[in-house]
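Following this message is one structure expressed as structure tokens.
Just so it is clear, A, B, C, D, E and F label the chains in written order, and each chain counts residues from 1 on its own.
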Amino acid sequence: MKIEYPGIVPEEQMPRFSGRPSFMKLPWWGKDMDVSVAVIGVPFDGGTTFQSGARMGPWAIRQASWGLYPYSRVHRISLADARLADAGDLRVVPMSVPDTLMLVEHQLGAFPGGTRFLALGGDHSVTLGLLRDVVRRRGPVGLIHFDAHSDLWDELWGQRYNHATVFRRAWEEGLILPDRTIQVGIRGSLDHPDEDGEADRLGILQVSTDTWLSQGTRTTIHQIRNRVGRGPVYLSVDLDVVDPAYAPGTGTPEAGGPSSHMLLSVLRGLAGLSFVGADVVELAPPLDPTIASGLVAATVAQEALFLLTLAP
Amino acid sequence: MKIEYPGIVPEEQMPRFSGRPSFMKLPWWGKDMDVSVAVIGVPFDGGTTFQSGARMGPWAIRQASWGLYPYSRVHRISLADARLADAGDLRVVPMSVPDTLMLVEHQLGAFPGGTRFLALGGDHSVTLGLLRDVVRRRGPVGLIHFDAHSDLWDELWGQRYNHATVFRRAWEEGLILPDRTIQVGIRGSLDHPDEDGEADRLGILQVSTDTWLSQGTRTTIHQIRNRVGRGPVYLSVDLDVVDPAYAPGTGTPEAGGPSSHMLLSVLRGLAGLSFVGADVVELAPPLDPTIASGLVAATVAQEALFLLTLAP
Amino acid sequence: MKIEYPGIVPEEQMPRFSGRPSFMKLPWWGKDMDVSVAVIGVPFDGGTTFQSGARMGPWAIRQASWGLYPYSRVHRISLADARLADAGDLRVVPMSVPDTLMLVEHQLGAFPGGTRFLALGGDHSVTLGLLRDVVRRRGPVGLIHFDAHSDLWDELWGQRYNHATVFRRAWEEGLILPDRTIQVGIRGSLDHPDEDGEADRLGILQVSTDTWLSQGTRTTIHQIRNRVGRGPVYLSVDLDVVDPAYAPGTGTPEAGGPSSHMLLSVLRGLAGLSFVGADVVELAPPLDPTIASGLVAATVAQEALFLLTLAP
Amino acid sequence: MKIEYPGIVPEEQMPRFSGRPSFMKLPWWGKDMDVSVAVIGVPFDGGTTFQSGARMGPWAIRQASWGLYPYSRVHRISLADARLADAGDLRVVPMSVPDTLMLVEHQLGAFPGGTRFLALGGDHSVTLGLLRDVVRRRGPVGLIHFDAHSDLWDELWGQRYNHATVFRRAWEEGLILPDRTIQVGIRGSLDHPDEDGEADRLGILQVSTDTWLSQGTRTTIHQIRNRVGRGPVYLSVDLDVVDPAYAPGTGTPEAGGPSSHMLLSVLRGLAGLSFVGADVVELAPPLDPTIASGLVAATVAQEALFLLTLAP
Amino acid sequence: MKIEYPGIVPEEQMPRFSGRPSFMKLPWWGKDMDVSVAVIGVPFDGGTTFQSGARMGPWAIRQASWGLYPYSRVHRISLADARLADAGDLRVVPMSVPDTLMLVEHQLGAFPGGTRFLALGGDHSVTLGLLRDVVRRRGPVGLIHFDAHSDLWDELWGQRYNHATVFRRAWEEGLILPDRTIQVGIRGSLDHPDEDGEADRLGILQVSTDTWLSQGTRTTIHQIRNRVGRGPVYLSVDLDVVDPAYAPGTGTPEAGGPSSHMLLSVLRGLAGLSFVGADVVELAPPLDPTIASGLVAATVAQEALFLLTLAP
Amino acid sequence: MKIEYPGIVPEEQMPRFSGRPSFMKLPWWGKDMDVSVAVIGVPFDGGTTFQSGARMGPWAIRQASWGLYPYSRVHRISLADARLADAGDLRVVPMSVPDTLMLVEHQLGAFPGGTRFLALGGDHSVTLGLLRDVVRRRGPVGLIHFDAHSDLWDELWGQRYNHATVFRRAWEEGLILPDRTIQVGIRGSLDHPDEDGEADRLGILQVSTDTWLSQGTRTTIHQIRNRVGRGPVYLSVDLDVVDPAYAPGTGTPEAGGPSSHMLLSVLRGLAGLSFVGADVVELAPPLDPTIASGLVAATVAQEALFLLTLAP
């Protein structure tokens, strides 16, 4: 007999600001549950290179998600009809990126083979652990990466594993297929001119914020869909892709970004792609005293659930 | 002899951050004044279903309005030439929606018949009391409703009177004319698929945020003007219609909304319609430590004063 | 088979800022569990007469409690050895005090007879529902009430059920035994001189903040213990009893109060009394951007768990 | 006929968080009113030498005062029985201390001779203008000055009129009687050793925070009463006298101060002295996102009203 | 021998959140350095007419700039190749606009003739002192002025020198050439209808926010470039030109503004103009608890450095 | 020729909120300077086990220190007469405690042998690196440790180097002399009963917060002085030793602590002990939107400078 939630009355009767504190008030995951997508928190900020705080991200995203509902006007489906669950947080070692990456991969191995994940970060370094699990299950994947930064540095202060090097490592490990990889929203100044052409050299396509905002939603959607094609694809959204007006609560904010509406509009145009996993990372709750940053993260995460559910 | 304001020197000589704390530093209303539009606060949040705090809204809107001036570059008129006054707050009963609605309607009855109101909320449930007074004076009205949510639920937790049901009640009571009613800015996820077509079934026209942002300001203005026509019309603006980046200080924020410039631009295109009343609701001051949310509410309220003043 | 928590690894291995979000990371309660004390949230602020926000209290207290540990240096016992669980939130009706009181009492009836509760508020009006359940199970009780306000008003704005009348109602309903009741920390200005002697007229003993601070911890402990004696006693702590420096996040703060150390010291001196229930109320999270107010509430709640566990 | 307040229903029926926004909800002052004490705001921060923001002080103190009531348990009198009014704000010139001082003095001259004032600052430089008016009416006065700083500098950056020189100027102008002047709560580091003995050289008695906290409330009260005697005395409270934990919202906070309870306790011991005026200054609202700093200022101001009312 | 920075290891090895706290981590300026552009802070808010706080601006902009890098993807140059330095703050007299203007001009005179400045405000009144120095060195200049307000008032409260009159004074003193002057982003309500045509009467071109947003980035860039031509031009950016969602931390915010992306895009289109000086003013750090406002100011200042570096 | 500060005018003429941003506006350290005490920042939070953010501590302490002056009324000396300098920040590796400890020790080695340090943290793990340098120079030391927590854990999540194990490591490495070590302010709940006697078993004396507050300042000073005697002693102050009301901006706050006045009073009683180094750690600036926490840290650091200067 299961005891999913410590509630006297059914969750449905509770005001949304109370009751089960899971993401979107999904049922808790249990070891014998058959779920199509599991939401997991990865409360880690040991790979952060500027402002810390992302370790508090998962619960803040969950709390901000309580006011979100299961039915999408755009996709015309309800998450209530999917087999979803919130599996709580993964164990991390706050002071070690490599140990945490191993732990992340190891813990995900405890889920049945067909389970897909929506991970709530945590800083971007955790994506490497997530990708390793995805690729172990399904082979190398395409990547749709929304971010103000390309995260393609080779190392920083002699450290090869951190949130600025994650996709360089993923590329080196063969986890992502460069010709099916696209980075959207890149902007901001660079340390060296060389960085400007780096994605190109790695065979990765970049769409800058300027390009995105000038070409518009529709063209950007087509560009992404063309790039990733029909194969398995992973979605990684760094919250700092949106302008700091929309999400000041992130460790490396970059002025001059798109609105959350622009991001959500593009995401909604990606339905039908073969998403095999997704993450929403870099919410640092102490850096925003309002709910706004968390709400963007939660709404993006909700959209990711729709995309995962709609994937063939 | 009147003592409008406790000031040693005329209000005009005071720095705007000091002196009379009324909305836009309007004169206080007095029982023998003949005003065309009275500004009133309705400090109530007993109808709130998610985050509370809107009871503190009226004074926060007033404070945020101190830096606003009477002359509009767009409309080329000055509110200094209209007969306007701030009539303070209405009495409410914080723990009862029905009692508050009765009180609101009753107190408004104390004003001369021709007075029109700009109400500063308070949560959206108070609009029902305001509409009852408007309709008592002038008969059923058209409605221009800016909001992220349609507020057309039938009940919640067995409660028929709250901020999520206000326009369902107004429709049932015959206060609004569905074929002259338009809801603009609706977005966000739904609890049940049925909600999606509900406005349609009630004969109410909805313009989603997506439609608004893709069709642009001019088309949206035409759409609204066509819908409401020449008859008397009420304006109700829920602050959550704008994106949480612009107004995080609201109880049920919804990511992915328009900017305040888009909202103000549409409002400015509505001059000349027969506005008989207006409200700006759902500012919850404790939820935004900056002046930003209050300033949007105050600027929208200022625009509503222009619209009321310009109404034939 | 139980699924207490959605965790891949045992809760004990998780960093304290992650994992199970229950109060002090207690196990979730389940219907077949035999617990000595159940922690319950009562997320309600419909009885608030000044600043709202306490409906968000329960989860904020839980989150602030994650850094608290089970062993007390003072009492030399560990809560790990007691049968404790977090039973989640009770259902409330945000816009009705009477309905919520009935619901509170009704839901508590679902627990086995011997279960005692530590309730996390919510505004103080919920204490009436809690007391009704306690008294139904065990008969009238003594009361130790820490608060800046006596909450003995008869009504406010015609409303008899709210957070300012809760102990008047409890007295009228015979739930508390006046000669075993003591109110500690009362301070602040009054609306009418009559209020000053009201507790006296009802046979209730009051210890003002001034008296408390001048007579000190030890005397105050003796005074309380003498007053309540050996019979069953209920503990109700309104967070506003401490100075707003320690807990600004409360709806009706009152300057000039004791420190949290003074409050905790007195509480720690009450071990061995026959506590049959307890609540910690009036944390309004939106009113304090730091963790401080929540941490006081959580630490007081932890102390209440020690007192309930140590009760004969 | 007077129109004191723009209210449809009597102020007494309004919830305290709504209605007339005056200090403690006092009636507004009008030119024909006979008041014993007038509350006035002086919204000026042009004399600030560290962090600015005090110009927003008066309305923030008023707002924080709404939850305060007229009857004092300590003094056993009600302000409802005194003739008090809120006269709004004085006009200031934000960019000129000398002009503002002249304006302050000039505007106070508009009140009948017997009117006494409780001024809400504003930075401490405004006290010089207030004292000039007091002394013009009643001759030189004794001074009870609570502050972390002695404000006895001769000049700063070549500027002789600012909040760090105010009592040097008052001394030079003969406004205060040194042998009836006492400064309480002085603490913090100094720029030059010479400053340490400066009060002494001017014949002014200083009680440091250390002395105050070690000798206790009772002795401090005696010390003050002995110093100022029976003659007319002015009370000036700089909010930074209390510890920044109690009032972080002030321009020159100084760690290691007394609690607000200690300050209020001493103030309550001063009843019966011949107070002829008072001010509470240096609340800088933008520097504290909570109500706490404003509440200390408001409660001190309330106590000042009791003292002014109880003065022979 | 120079001691530019108190660092044990070279600045380049330090994490960006640590080390030298200069703007963008530029070297500190020293008296014998030959720099093309010097960054200077002007920590003054004595000319502010609404909310104060801008005196804390310079260090807040510096701190927000630490995450910015020297290479621009747009301009394809690196500031590392220019001779730039941070010369710290200018001395100001917080309580006097005229004295501060004289000091600003005087101190700038200490730099070699060819030095150009990027000034970090401070309120807008300091621009007058900066312009006087620029004009003394190079003669009257064209002006590109981004602001929500025209700052063309003649006086306020009898004060001729403040942040609302700065460009009226500059015009009167012949510092700016009206036919090469353009104000961009003007919006908001006015006190008197006359203000509307004032720029016109002075021969200054204004582009309102409405015009800007409807005509788009490219047209606006052309309009500016055509207006100012090839002669020497000064850039002055008031942070309040962007919407308060992007920068609530400013003294006179005005709703309905452009995004920071729109502002940055226009600025990036101005490369090649003959910029002889620039300022970014009106950041008031206490009014925004997040980094967002400071980050917009810092990114605009970084762009100004590119423009100054690229000027012929 | 030295260029200590990028200032046009001497630092002494600058308002304290401007100019050189060093700790207490001390001169910057340069390689050829002979200083008695160097202030250094250690911007590291990779050893944090609960809330992160302490990496931003050093500059926040510096900024909060600008209003502090060099002369102490208590000690009657001026820091202006000592040879002090701010040496900026040490290089750290944000994602590795062991690497950072080595770097800390290594960099300190670059200073002349007689230099003593006041370190501004950073989390408490950095103290181990600091102690290693101290002991290398002078041999094992006594320790005065103010903290809510004993930091004597052996490991956490398999990690032996973090802020909870720092004094266990120091003890093991023989850096501190147990019989000359005292921990003051310890409080809060424990994970296991065994922890309670751990200090005892290691030969370290603990004074709990309860003992401290009940025995008072004078006794506590004597207790500390007796314990550490005349030999070299290191001072380590974890900001969380004070109550969260005084310093909410810290990663592991613990309710029920002493005031900042109590802490400062004890520190002031330690003059004359042979201090050879000191640190003030665990300020996490993002967790307190006010200056209060930083000001406590800065004032404690200032007091540490007095103690280091007064050491024989």
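Rule of thumb we're sticking to: contacts are C-beta pairs under 8 Å (C-beta built on N, C-alpha and C of every residue); 3 or more make two chains touch, one makes a residue touch a chain.
Quick caveat: nothing in here was measured; it's all calculated off a predicted structure.
What shortest step count links chain C and chain E in the network of chain contacts?
Between chain C and chain E, the shortest chain-hopping route counts 2.
Overlay chain D and chain F by their C-alpha atoms and let me know the rotation angle in degrees, rounded to the nearest 5.
Rotation angle, to the nearest 5: 120 degrees.
Greatest Cα-centroid separation from chain E: which chain?
C
Which chain has its C-alpha centroid at the greatest distance from the C-alpha centroid of chain D?
A
Chain B to chain C: how many Å between their CA centres?
Chain centroid spacing, chain B to chain C, equals 39 Å.
Mind pulling the residue numbers of chain B that touch at least two other chains?
In chain B, residues 13, 15, 17, 49, 51, 55-56, 94, 157, 243, 245, 259, 287, 289 touch at least two other chains, as defined above.
Write out all the pairs of touching chains, ordered by chain label.
Those chain pairs satisfying the definition are A-B, A-C, A-E, A-F, B-C, B-D, B-E, C-D, C-F, D-E, D-F, E-F.
Chain E touches which residues of chain D in the complex?
45-49, 51-53, 55-56, 93-97, 99, 157-159, 161-162, 286-287, 289
Going by the contact rule at the top, pick out the chain F residues touching chain C in the complex.
The contact residues of chain F facing chain C are 49-51, 157, 187-193, 195-196, 208-210, 213, 243-245, 248-249, 252-259, 287-289.
Using the touch definition up top, name the residues of chain F that touch chain E in the complex.
1-9, 13-15, 17-22, 28-32, 41, 43, 55-56, 58-59, 63, 85-92, 94, 107, 110, 289
Which positions of chain D touch chain C when the two form their complex?
The touching residues are 13, 15-17, 66-74, 76, 78, 243, 245-246, 259-261, 264-265, 289-292, 295-296, 298-299, 302.
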